[in-house]
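You will see subunit A twice below: alongside subunit B first, and alongside subunit C after that.
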Partner chain A sequence: MDFQVVVLAGGTSKELIPLVSKEVPKALLPVANRPVLSYVLEFLEQSNLKHLIVVVEGEDAALRVGGWISSAYVDRLHVEVAAVPEDIGTAGALRAIGHYLTAHDILVVSGDLVCDVPPGAVAAAHRRHDAVVTAMLCSAPVSGPSESGSSGGKDKTKKPGRYNIIGLDPTKQFLLFIAAGAEVEKDIRVQKSILRAVGQMEIRTDLMDAHLYAFKRSVLQEILGQKESFQSLRQDVLPYLVRSQLRSELSLDGAQAEENGNDKVVSLDNKAMRSQLVANTSSPSFHELCAMGPNGSAPFPRNTHKCCVYIASKNKYCARLNSIQAFSDINRDVIGEASHLSGYSFSAHNNIIHSSAELGSKTTVGPQCMLGEGSQMGDKCSVKRSVLGRHCRIGSNVKVVNSVIMNHVTIGDGCSIQGSVICSNVQLQDRVVLRDCQVGAGFVVSAGSEYKGESLARK
Partner chain B sequence: MDTPRRTSRVIDPKVRHVGFFAPPSPGRTPSGPPAPAAPSPVSGSPSGNSLSPVMIPPPRHASDNLSSALTLHQPPSRRVSIPVTSAVRRPSIDNVAVVGSYNQSETVLATSPSAISPSSRIGDGEFSEDSVNWIRRTNSGKFSSSVPTGGFDVALNKAQEVSEKGRGKGPEISNELASNAKPLKDKMTKAERRALQESQRATKAAAKEGRKPASSSRGVAPVHEQTAKSVKQPSQKKDVPPVAPVAPSIAASEKKGGDRPLEKDRKKDAPPPRMQFDDKNRVEKAKRRAVVKKTEARNRVELFRHLPQYEHGTQLPDLEAKFFQLDPMHPAVYKVGLQYLAGDVFGGNARCVAMLQAFREAIKDYCTPAEKTLARDLTAKINSYVSFFTECRPLSISMGNAIRFLKARIAKLPLNLSESDAKATLCSEIDRFINEKIVLADKVIVRHAVTKIRDGDVLLTYGSSSVVEMILLYAHELGKKFRVVIVDSRPKLEGQALLRRLVGQGLSCTYTHINAVSYIMHEVTRVLLGAASVLSNGTVYSRVGTACVAMVAHEFQVPVLVCCEAYKFHERVQLDSICSNELGDPNIISKVPGRMDVNYLDNWANKDNLQLLNLLYDATPSDYISMIITDYGMVPPTSVPVIVREYGKEHVFM
Partner chain C sequence: MVQKKGATRVSEDAEEELARVPLQAILLADSFAQKFRPITLERPKVLLPLVNIPMIDYTLAWLESAGVEEVFVFCCAHSRQVTDYLTNSKWFSQPNFSIKTIESHNCVSAGDALRLIYEQHVIHGDFVLISGDTLSNMSLTQVLEEHKERRKKDSNAVMTMVIKKSKPSPLTHQSRLGTDELFMAIDPDTNQLLYYEDKADHLKGTISLDNLLLADKSSVSLHNDKQDCYIDICSPEVLSLFTDNFDYQHLRRHFVKGLLVDDIMGYKIFTHEIYSSYAARIDNFRSYDTISKDIIQRWTYPFVPDVQFIGNSSTKLERLGMYRAPGIEQSRSAQIGPFTVVGNGSTIGNNTKISNSVVGEGCNIGSKVSIEGCYIWHNVTIEDGCTLKHAIVCDGVIIKSGAVLEPGVVLSFKVVIGQQFVVPSYSKVSLLQQPTKQDSDEELEYADDSSAVVEIPSFNITSDKLSGELTSELSEPQRRAVSEVGSGGVGYMWSVGEGDYEEELRHSVAPIPADKLAEVIQAAIDDMEMSAQDGNLLPPSGELQADSNSIYSEDNIDDIRDDYIYFEKEVEATFLRAVHENIKEDHVILEVNSLRLSYNKTSVDCAGALFYSMMKLAIETPHSSAGDLINNATNVIGTWKKLLKYYLPSLDEEIEVILKFEEMCLESAREFSSIFVQVLHLLYDEEILQEDAILNWASEKEGAEEADKVFLKQSKGFIQWLIEAPEED
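Moving on to the complex of A and B:
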């Protein structure tokens, strides 16, 4: 279908410290005991997209990600892993791999996306309107990636984070305005010309930009070439395209010339007339109406381009792993309400317990839980709505609620863990009480200590 | 709008005769079931000669004593066939006569188009009579000079003067017309015989042609011969050859004369019927093949069960989701299909051009797989694209013709042509088709039609037709002073876009909805309509509502000019808009945009006792049409079969 797929897998994200580290780049963070990147890759594979370019920040991370992909998908996918320097942003990453891009359109997917919206739908909407960019929007998750949540607990006083502010046309097909909630200080500026052309704009805050974009390659590369300062797709490129959609400076090949064939009848050459035939009888978007000018035939039609959106329906799952809160949420959802994403088969009790896991007597594992391969649990333990990784050793009388415990974690007797994330190779000694904490890889929590809302990591 | 419902009128007492009847003689009544409401025609009276053109053949056969065998053979058969027809179609006694004769004469026309062929035109009584009628109907004396006219020119001119003189005074005109027409009728014998020969030849050719497209493009442009009756047949497989004769129109045409193909020929000729969607087995099979998953709508109107109707809103997301799965589909084809499905592209020309351009892209990127020949493999490819389009939205007749053209070109490619050359040839052929058949044709139509617009005219158009728009704009540019009335209808309100463009160009316009058409028609001097297709019995197949506008215009004696490119002509004969039509989204008609308070039908779609019907097309009988403006000139609707026959081949095989 003449689409190329670029997966931006990122590197070590600052928001996710201490979960990520040099050993575990963001793309390999486990969600229900599978790297988060696998969700993206499988989601693309389901749509028959098997030739992918995965862009990773940093050589080390690229090596790790590449190693994992080649071991897991060796015979299924054709993946090229490209390493780009750190901190060049998403736009910079695309600029760096520009020479790989040859197809007519490019699908850019964020590597931390966990969703079940068919990417084909976005691509189809993109093609249908012949847009320069199509963004996928999904309804913002309820418990959401708000910074307030329990991440660190320091910013509890902060208001719940604002999401994107998105302006749509009445048909909900075109993007008229986009701003990230966090960037908006007090007021937003909407262009009058766009407002006048559309007539009516719907401003919504309940939508989230899913970081899945379809770009027209020629346009994307033109912008990346012209605007050296653009760093991020979301913050720079997309708002720029949306802003300039009615006074486009882009040289759109072909498509634009066809649309603007509304000259005087005498001077109509056949080609213009033909395109007029198509244009007049097809329902015009406001772009065309605006390009034609107020009375339907401006002498010099304005250049316009279209920025479309695809709004995923509410019953689809879509989330991004871009904060610690989101990490917990996604882990919970993937084995909970969005369990079809995990690819595991659930037991009758609605949980997954690997056959090699050993449970002590009177130990209960509640529904929506996952117990990895080779894990051992002592007596009288209780696990609720949590994910436990591989080869964990858990003592007796341990309570784990709403938490994620990664691989090779040792937990002593009488511990209580609530709403926490515990990374690999952590050792919790006896009677540790953790509440809303993150424990970095390899950390040792001494016996009897109690932490609440803290981030523990090796210095 | 399947049949014209004629009742007796003071101004225009037209009577339809049923069955066999003698040449006009005083006090004659139809020999079939009588039409009580209609005043019985008197010889030489207006009604005698102002019959619709379709009425002509029977008197002709009777009057010129052509061959005793023929005359003997015909009457009984006709008598037999008519009651069947009328009983099935319309039980009301008032209309029995009308319906019967209408059907029958339609078939006469359809199968013997030669009566007005260029070769036999001169001195052919039928044609002159037709044109007389036609003049009377237009009542303006403005008719084409571009029709190559022959010996009957004089008569026409006379008629023209007459009708111009006495516009609106029905009886007088027609008296004079009658006297004009009569002498022609007397010396018809020779021409008549020729006409008959011609018609025989034509039917043979038509039969051959009918078979060819049928075999090469099954389901693409099916020649639809089944009528409303055969629709009710439960199984299609069975009903094609043996039951077909039962279908009234076919029955009529078979028994019409000795020159019709025999029944066993017909068996071979019968084209594969189009998919009947009330046949469960077939629908199941088709579903398994289908690319687009469709949910069928539950409540469908009984009479239209045979047409595809799906739950709208389920197809698009499904197709979108499959975007990357559909490997064999070319992106351009896919895009156009999506646009059809989403309703972004509509209108006969636009859809056809979009499709051809998609094919062009696909052919450009095509490469023949190893051990296959281009002609065969590409045809298969095109077929798969076409079935994809059909799934997105049923094909229009214009698209069917274009596909037929393309396939014929592919089939005719010389075998020794290299692949790149073949592709280049095909691309240029497609370009040529678009240019010649659509763009240039439109230009020619505009040039012709503009001659019919005079200062002070009030032109009415319905919906939004691209060629009508061009005509109006061009006439405006020429400085003609006229006013435009745009009649529109829900739910699409296409007229608004047209209105916007016309007003933008400075034309003075009136915008109204079809509800008010009878009011606005008082001031209108001409009606310009577009068409999705013109069928060979002169029926105009067009946006639903067109027939209503044409009928009102006819009632008000306003000439109706239909503008249609010749590539949209089709040899099919259709008497009603039931047997083949398209159903739109039924939910659209229950919603009123911008009026949240009009919500009486919300969530009622699944009520068992509610059926919504959103027809997209209707058929306008040729009686209501004064003239068809096409790229071959301005012709009466009776001349459509000539164009189909003479130039139809050229479309496909040129």
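Moving on to the complex of A and C:
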């Protein structure tokens, strides 16, 4: 496959403070005791995509990510880690690494995607239609932490129903309209010309953009070059391509020719193949009809390009780690409903307890839990639906419910932790009660304190 | 209102009641439009022959076959002709089918008609609402069932609209039925109609759907590929709604839109799509042509010429879609082509060619006549050697030898076309004079707005007057007529206004010529270009970060922007007028207040807009240097201080003024950017801005992006001074 894969791993995302820090960029946040980036890399590896470019914001973060990748995947993947300045945006990042891109098509994956949809399917949809862009859509989570298998957490704002508004053609293959971000809350403005061409458009609010795109490289670079104000793929580049699809300003054929050098035979072959492909997909799409005009002979043939979608089926898991809520949700799902993603084998009790972990007497670890290497727990503890990292030392009479505890955390006796995230090297002294809190790395919570819904971090 | 309450309460029992109440229908025997003029000046549209049978017979035959038991025929224009026709028809003698006519002479719209019917208290249950120019062969059973089922669950489901798939693309719309393109949004699960736009506003390249429509739905279908059949199943509330909202005229434009947009009492409209049956409405000459062809090609079966669904004469179907009534005298050398209907008692001469046409009863067609795609009604005489293409020829017309009708011609009743005369394309000829230009313009404008309004009463007068004129001053018009339609011809040529030509073309009986089609395609492309540009104009959300939440802060500004621009313009105009005409401040305040109310703005907006107008005035006053510009600004602000101050009751408004000024400096009036601090100082000195406002602005801006802080940096010294000043006090 002539695909190049770009993984946009981000930097230290503001939304995830205090979970992320200089030491732990977003890509290395643990999901079930593995960096979140490993899910993407393995998901690509399974599809035999082994030549990857990982783009990280910030030099420091890039070094850390690069270091981790080379240690974990040294003989499995060929990864190039590219550092780009911070706050450059997804489009900016691609612009910055433009010189790396050579293949005909580019697969762009967000580094925080936890998903089990084969990227090959997206690539195939992209190729089948000779599209300029193909976006993967997945079912939007039914507001809040949901029970269904498709749940995930894109609860950026915890307001229900704010994901994307997506317009599809009746065959559900083409993307006709997309609203993202703030536009979702506004009135929907649909271009009549597109509607005229396609006749019927289905507007969906129950889908969301999964941040996995296949782009035609020539087109992507043309746009990035022309529209310098574009910063985000999701909010600028994709909507632009969708808007202009029936009246393309892109020099598709020119790019094609340039690509194939002077070898016109190849280009002809390409075209022949393409028309054959088009013929195979039953009737011509509305793009061709529109380009050709009525009776197949418009006096002014029009440039069109295609924006396709691949809709992941409902039983696939697909979520992005882009908020604290999502972090908790994904951790819970990966050892729970979507356990096949974690890559661990579960015990008979439907949990994972590392053989080196030590449990005191009368301590129970419930199903859908994980206990990392070398962790110790005192007596009469109870752990439910939580992930505990490596080398944690937990005292007696500790309750941990619905929480994520990272590595090297010390928890004193009689603590109660619910719905919280506790980062590495945190020390909780005796009888601390935390509910819906986030505790940043290295923080010390003094004995007997109680917190609810707070974010604790070192200044 | 009392009546309505009663009706809704009864609706629970409506199902049982319906079992007893016979199925009723309201047939509007008046389209309240003038697309068939000049023919409809003499005969109502519903009585015009469609493949030799009056249109209303198709509608009534369908209603009868669909199980409707009681039909109220509402007649307005030419009501006498309609009632006479119905009285003499077989419809009054049908078993289980009763027809009652309701006459009125002062109704100008469907809304009026329905209000009148409501007053008569004749409708007791769900009814079918249809106009007399609609053709269908669909079965009502299913749609009625659906309607009742919905009513059981939700008494607000007052109407079910029948729709049918049609091909999209503006071309097919125009070339098939000649109707406006239709955009609908339908909930795919419940079939509820959410949006309806038929009079396409070509200036708008986009459809704007209210966000609330999607509030509790996961998907909505937008359609451009559906055709409104104009067959509605209505609940009795529809009538009372028309009565309550006495300004509703047009069924679609007012009633449907009113229900969808204003959300009156939560009433809902649903759609029912038909797939295999036929339904269409004759809206204009083009749809007349299309539907005639559909009848000949038997899409409307059983309502086709060779089936006697009404007292029509027996006609035989021959191969190639030829229908021939008995008693035709046809020369052996005449060639009658495919898809042609020839009525009883017509004679056709030697070497005459007829194809794709309808010839009525008792017509006399000479030899060497060529007729293609024409609709020739009854008792028409066509002399030798004429050529007719895509024309409509009404009863009693005489076309003298050698005359030519170019495509798109309409000859109204009893017109005589002179020898060798060539009637140019798209012309309409009538014995009645065209209403004066001014008149027709007014009408058209009227019709464009509400389209339902026709000046029927005044027509009656004109027709009387005209017929009087015809009899008394026969010689005069006759003489003039000669010049208009050839020697020996009788009739007035109706002129087409320059602007209406496009419309004419779209609605004409003749096919759209190739070059026009190309134009339409070009227009579509332009349209697309426009909308693409429109798309480009959308603010590139470049500064917005992919995963940042900060984007929501811009929401409000964007939402109200369009509206705000208009408001700002109005305020500016008001202000300028005040400046030039020396209007007192109090009056300006009154005017701005009224604008504020009508645009639903806050005093913050008023302050912003007023300040904007003032600064604009300052910059537009001639000046040579930045110093002059400051002087200008000082003058303007000094003069209108009181006005501005009125709209600055609190700090918020003052901050808005600073923000507005900043925005101006960045965008529309860059000249100010160099003297930002001076103007700020000026505003402070004039006591328009308080110290706190400036400081608040500064602290608000502190957190902004670097690019936005240009002016903050500029005014650093000034702010510093402000902070220190009170300490000196």
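We adopt the following convention: the second predicted complex is superposed on the first by the 403 of 459 C-alpha atoms of A that agree within 3 Å, B and C clash if a C-alpha of one lies under 4 Å from a C-alpha of the other, contacts with A are read in each partner's own complex, and residues count from 1 in each chain.
By definition in this document, a residue touches a chain if its C-beta (ideal position, glycine included) is under 8 Å from a C-beta of that chain, and two chains touch if they have at least 3 such contacts.
Please read these numbers as outputs of a predicted model, since none were measured by experiment.
Colleague: Figure out whether A:S47 sits in contact with subunit B (first) or subunit C (second), or with both, or with neither.
Modeller: first
Colleague: Is A:E202 touching the first partner subunit B, the second partner subunit C, both, or neither of them?
Modeller: So A:E202 only meets subunit C here.
Colleague: Quick one: is A:R127 in contact with subunit B, with subunit C, with both, or with neither? Answer first, second, both or neither.
Modeller: Touch partner of A:R127: subunit B, not subunit C.
Colleague: Name the contact category of A:A447: first (subunit B only), second (subunit C only), both, or neither.
Modeller: neither
Colleague: Per the contact definition in the header, classify A:E185: touching subunit B only (first), subunit C only (second), both, or neither.
Modeller: Touch partner of A:E185: subunit C, not subunit B.
Colleague: If you stack the two complexes on chain A, which partner ends up touching A:G89: first (subunit B), second (subunit C), both, or neither?
Modeller: second
Colleague: Applying the document's definition of touching, compare subunit B and subunit C: which contacts more of subunit A?
Modeller: Result: the larger residue contact count on subunit A belongs to C.
Colleague: Of the partners subunit B and subunit C, which touch A:F3 in the superposed model: first, second, both, neither?
Modeller: first
Colleague: Touching A:P118 in the superposition: subunit B (first), subunit C (second), both, neither?
Modeller: The answer is first: A:P118 touches subunit B but not subunit C.
Colleague: On subunit A, what residues does subunit B touch that subunit C touches as well?
Modeller: Dual-contact residues (subunit A): 294.
Colleague: In the complex, go through subunit A and note every residue touching subunit B.
Modeller: Listed in rising order, the residues are 1-3, 47-49, 104, 118-121, 123-125, 127-130, 264-266, 270, 273-274, 277-278, 280-284, 294-297, 313.
Colleague: Considering only the defined contacts, which subunit B positions touch subunit A in the complex?
Modeller: Those residues of subunit B that touch subunit A are 317, 319-327, 329, 331, 334-335, 338-339, 342-347, 349-350, 353-354, 434-435, 438-440, 442-443, 464, 466, 469-470, 473-474, 477, 497, 500-501, 504-505.
Colleague: Inside the complex, what are the residues of subunit C that reach subunit A?
Modeller: Of all residues in subunit C, those touching subunit A are 167-172, 181, 183, 185, 188, 200, 204-211, 213-215, 217-225, 517-518, 521-522, 524-525, 527-529, 531-532, 534-536, 538, 540-549, 551-552, 554-555, 558-559.
Colleague: With touch defined as at the start, can you tell me which subunit A residues reach subunit C in the complex?
Modeller: 10, 13-15, 87, 89-90, 156-157, 161, 165, 167, 181-182, 185-193, 195-206, 227, 229-236, 240, 243-244, 246-247, 293-294, 298-300, 302, 322
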